[in-house]
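Naming follows writing order (A, B and C), and every chain is counted from residue 1.
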Amino acid sequence: MLTYIVRRLIHAFVVIVIVSIAVFILIRLLPGDPIEMLISQTQLTETTPEMIEALRHDKGLDRPLPVQYADWFVQMIRGDFGTSIMRNFDIGKEIGNRVTVTLMIGLSAFVIGLVLGPILGIVSAVRRGKFVDNLVTVIANIGITAPAFWVGILLIFFFGVRLKLLPIYGYTLPWDDFWMSFKQSLMPIFVTALGPIATTARQTRSSVLEVMSEDYIRTAWAKGLNERKVILRHIIKNSLLPVVTLQGTMLRMVVGGSVVVETVFVIPGMGKMMVDAMLSHDYPVVQAVTVIMTLVVVLSSLIVDLLYGWLDPRIQYD
Amino acid sequence: MKKAVALVLALILALTLGACGRDTKANTQSSPVPGSSPSAAGTDNTAAPPAVSGAPEYGGVLRIVNTSEGATPLGVPWEVIGIDVNLITPYGEALLLEKTSGEIEPWLAADWKIDTTNLTVTFTLRQDVKFTDGSDFNADVAAWNIQQAIDAGIINPAISGVSVTGPYEIKVQLDNWSNTILSTFASHSFSMISKEAFEKNGIDWARENPVGTGPFKLKEYVRGERITYEKNENYWQAGKPYLDGVEYVFIRDVMTQNAAVQASGDQGVDVLNTNSAEQMITLNSPDIYLDKMAIGPVSLVPSSNNPDSPLSKLEVRQAISYAIDRQSLVDARGFGILTPATQFIPDTWGAHLPDSYNLSYNTEKAKELLAQAGYPNGFTTKLIAMPGMVDKDMVVAVQSMLQAVGINVELEFPDSGGYSNYRFNGWEGMLVQHTRSLPAIANTFGLYFDVKKDDATGAYSYIYMPSTWRPLEELYNAEQAAGQAIEPDDKLLQDVHKIIMDNMICIPLYNIYDAFIIKNNVHDTGFSQWGAGTMFLPADAWKSSK
Amino acid sequence: MERLLTVSGLTTEFRTERGTVKAVNDVSYHVDEGEIIGLVGESGCGKSVSQLSVMQLIPNPPGKIVAGSVEFEGQDLLRYGRESREMCAIRGGRISMVFQEPMTSLNPAMTICRQMGEVLTEHLGIDKAEARERSVDMLSQVGIPDPGKRADDYPHQLSGGMRQRVMVGMSMLCNPKMIIADEATTALDATIQAQLLELMYEMVNKYHTALVMVTHNLGIVARYVHRVNVMYAGRIIESGTVRELWANPMHPYTEGLLKCVPKLGERLVPIKGMPPSLINRPPTCPFLPRCRLRQKSCFEEPVPELTHVEGDHYTTCRVRLEGLTDD
């Protein structure tokens, strides 16, 4: 087991390196030079090629690519993610701040999805065909299809402008002002959780239905267990496998944030930073963010795989 | 099943109606849902708030929407670019102020003298100004600030050096004179910060801790969310500022901006700057006043670098201009705010030409000119739209108007990287972009119509036109004359304008407006009086209790 | 011997797209204490469904018990709801069931010990430690080597035969009055099958438990079963002791079945034709299309009830009943 984990961690490292090289190259292939974009945002009315080259040199972007990459990689290992080209901020520190915010919202939404989704799915499967099932299915479909920004804007106008119950925008960390943080988090967490709750509910429902038709469930009934015990002891653990996989892919969202939710509710999270950096071709920021995200993805897939082993004893690790 | 569906649908309907209900109260138009085009009758709120009697009141926080991401450290002004520069305004002050008309006024520099022979500008500085760390603002500090900007390479390259000539006097050395140089010193990118604090604590500290001379100082900067400034009790203008604080909120989503403008109290914003006519109409209400001005047209900018391209012929460009029905463009997508651009410089500026220069709509003339140019059956070309600033529907309308005279147009909507690529490295066809008129009109020409002369070979070059094009020399000379006058001269600027119009270097379509949507209880901000460099005077602003 | 179970007129229907299927059609039989009875018939004749109906394990929808009674220990089980406390107490406690598929009938994510212990804690209310002790004891009784260690294994670590032993053991843990073995050995290979059958025989005799053996294998019936019911198309068409049926089958179907049992040296004689559809059954005899004895009256009259012939022997064949002739 331990060797398995170590092996997976080494794989993770290799994956991160490969992905970082790929991103490094790909973003430089996109049309649009960040230096030119930088220059065009200054208030200069005249730009000479010399000025552009001087700026490029300043930012270290005129060095040969392998040198740029090696330099960046070595620094990253040491924990220094560099400085943004476009906006001059310390990337490591900024990621730290943003990840914290995104985690607060994302983690809450994730946990809610993790808890509420399966519950709805189980209820809906066990009461298949009845009113509860139909209701949950309709809500789940809405949750999956309704675009986040539409729901977000609706909520803002209804609860924020109309009823004046909740703040319209902004975010405060809970340890700075708990009540304000709570009020500000309600709508974004709801909007973020909607999709995951819906997909998890649907996935759980079909998984539970499948398990319910298994022979060992019939055995459980034949042993005289009542519905509650059959569900809790026999059905849940066995239906969780596909659900866990799904949740694993959603783990990414916890750290990556949702740029739509962040933009609509003005939350300083990872999503906005990522998209902003990509649009303005801010190479070091894009690279740093990609590395972080890759790390999260490989770690969450490792966690999911380990969970499998616990859920299904038939799975071996070698 | 049906019950469930009905229940949910009803809930959605209720929410939607509730959200839209506010519009019917707020609008004088009949626009039911934000985003739809209302009828054309425009509402033009007064450019000034309702008259208020009595002295300015103290207190309150002014909340302004800024559409940047809000991640840049602001303490070192010469490192800050783009919209983020506005965020410096509450704490940082520059040597001069610039009005929208282009007029320069003294600020931290009380007076200045221009010497065009020796190519210097000598500034006499105010003597009563202190930084928030207590250190003195003097010639030494001012010169240090300017030198940093020169070293950073983002100041006008004509400014080559600065020296201290007295305890409160500095002399700036220039390579050549242009009347846009003074406006450089009004930009907040060149605000003065404390040299003492910088040298004592280093640049990393300075980035996060702005030390300026302005009426406010930094209280809290939450990246990506907002920046809060609080009152500087020791401001050099006694009795000011009136406000307790200024806050910028980084709302980038249009709908959230609208919600914020409509809210009041802690969540409500007081000032929103927009050039979206749609947004102006949506937010129009008795609670706000709209401070708007024309800032230049969206134009078609043809590239004629290829001498075989039809766009290199004057008649073709004129034909294109005749093919556009500017009035119907603004009728359809103008929301009652936009106006047709019949000249490159709108009539708000002195460089506007007499009506005889106005462009008009005449499809017969267009076809006639095309035939004359040797394209009786039209030709094929491309339109490349600037992301963010140009309305897609307008571009499609232009495409069909050109189609009507036989010109087949392919549309392209690149992202900002792709667009920047075209602008810097050349393109085939026409760019559709905003050609902004800056306060110092010569800046406008410099930005878009900059003709360069190679002193060694005497050749003229210009990114938009082939070097074989005759009027290049004419344009170069006219630009030099206009730029080098001591002060902006309308007559000289008109000369440049004439050359642009006569040669149809670009084809203006419709005028864009920049508007400040300001709550009625906010006074004396001066947003539309001051140019983009100065923005507004936070020291003078105040809020009346409501 | 005391009467343990009396099933009368049990009818179970399934609603399908093509119509209502009468899987169990007016079935009546009885079981006495300690008896081993057999329920034979080909696939689809309703034998499994009838037993699942007794246990009320029919999935609903689409199945439903529409008529009949199941008298057990003085109560009609069908009066109790499917998930009622009473039925749950009966299942696993008073009547147990062993199913056909050993590979899938145990929860793959639970240890053997836990799954077995569950029955004990559920019905006898004993604590975990005691439950484990009894489970391990039962494992050794059913012939599982090294039961203490095996108890902590997961089902996939046991072979099919061992799993079925576990199922048998599990069914006996609470000392039920009756066990229903629904084709319990069909999925196992011959030697294991034999072992398991011997085991079951031994256990039910030891504990004086009644056993209902559902099977299509007449060989098993001959060896272990005392009385047998023959089912066809949802009905019991003949019943009696093994001796009675083997010596004098009173229904052409039973005859045909007996001829299908492989015997050394003899040819197999299949019954021509296919079983009928169970949707919209007419009241006439279901075996009619394949019957070689059929008379005109068989086409016109409804099929007779189980009618006494002699001793424990009952049949539903009009021709045999009326003629009482040999063939």
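Criterion: a contact is a pair of C-beta atoms (placed from the backbone, for glycine too) under 8 Å apart; a residue touches a chain by one contact, two chains touch by 3 or more.
Every value quoted in this text rests on a predicted model; they were computed, and no experiment measured them.
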| item | value |
| --- | --- |
| Pairwise touch network: line, ring, star, complete, or other | line |
| Most centrally placed chain, judged by C-alpha centres | A |
| For chain A paired with chain C, centre-to-centre distance based on mean C-alpha positions, whole Å | 54 |
| Interchain centroid distance [CA atoms averaged], chain A/chain B, Å | 36 |
| Centre-of-Cα separation between chain C and chain B, whole angstrom | 88 |
| Residues within chain B bordering two or more other chains | none |
| Partner chain C, residues of chain A touching it in the complex | 129, 214-216, 218-227, 229, 233-234, 237-238, 311-314 |
| Of all residues in chain A, those that touch chain B in their complex | 30-33, 36-38, 40-46, 48, 51, 54-55, 58, 84, 87-89, 94, 97-98, 101, 131, 134-135, 138-139, 142, 149, 153-154, 156-158, 160-162, 164, 167-171, 262-269, 272-273, 276, 279-281 |
| Residues of chain B that touch chain A when the two form their complex | 1, 3-5, 7-8, 15-16, 18-19, 21-22, 69-73, 79-82, 84-85, 153-157, 180, 184, 187, 189, 207, 222-226, 249-253, 255-256, 259-260, 262-263, 265-267, 414-421, 423-424, 443, 446-447, 450, 532-533 |
| Sites on chain C touched by chain A in the complex | 55, 57, 61, 83, 85, 88-93, 96-97, 99, 101, 104-110, 118-119, 122-123, 154, 156, 167, 170 |
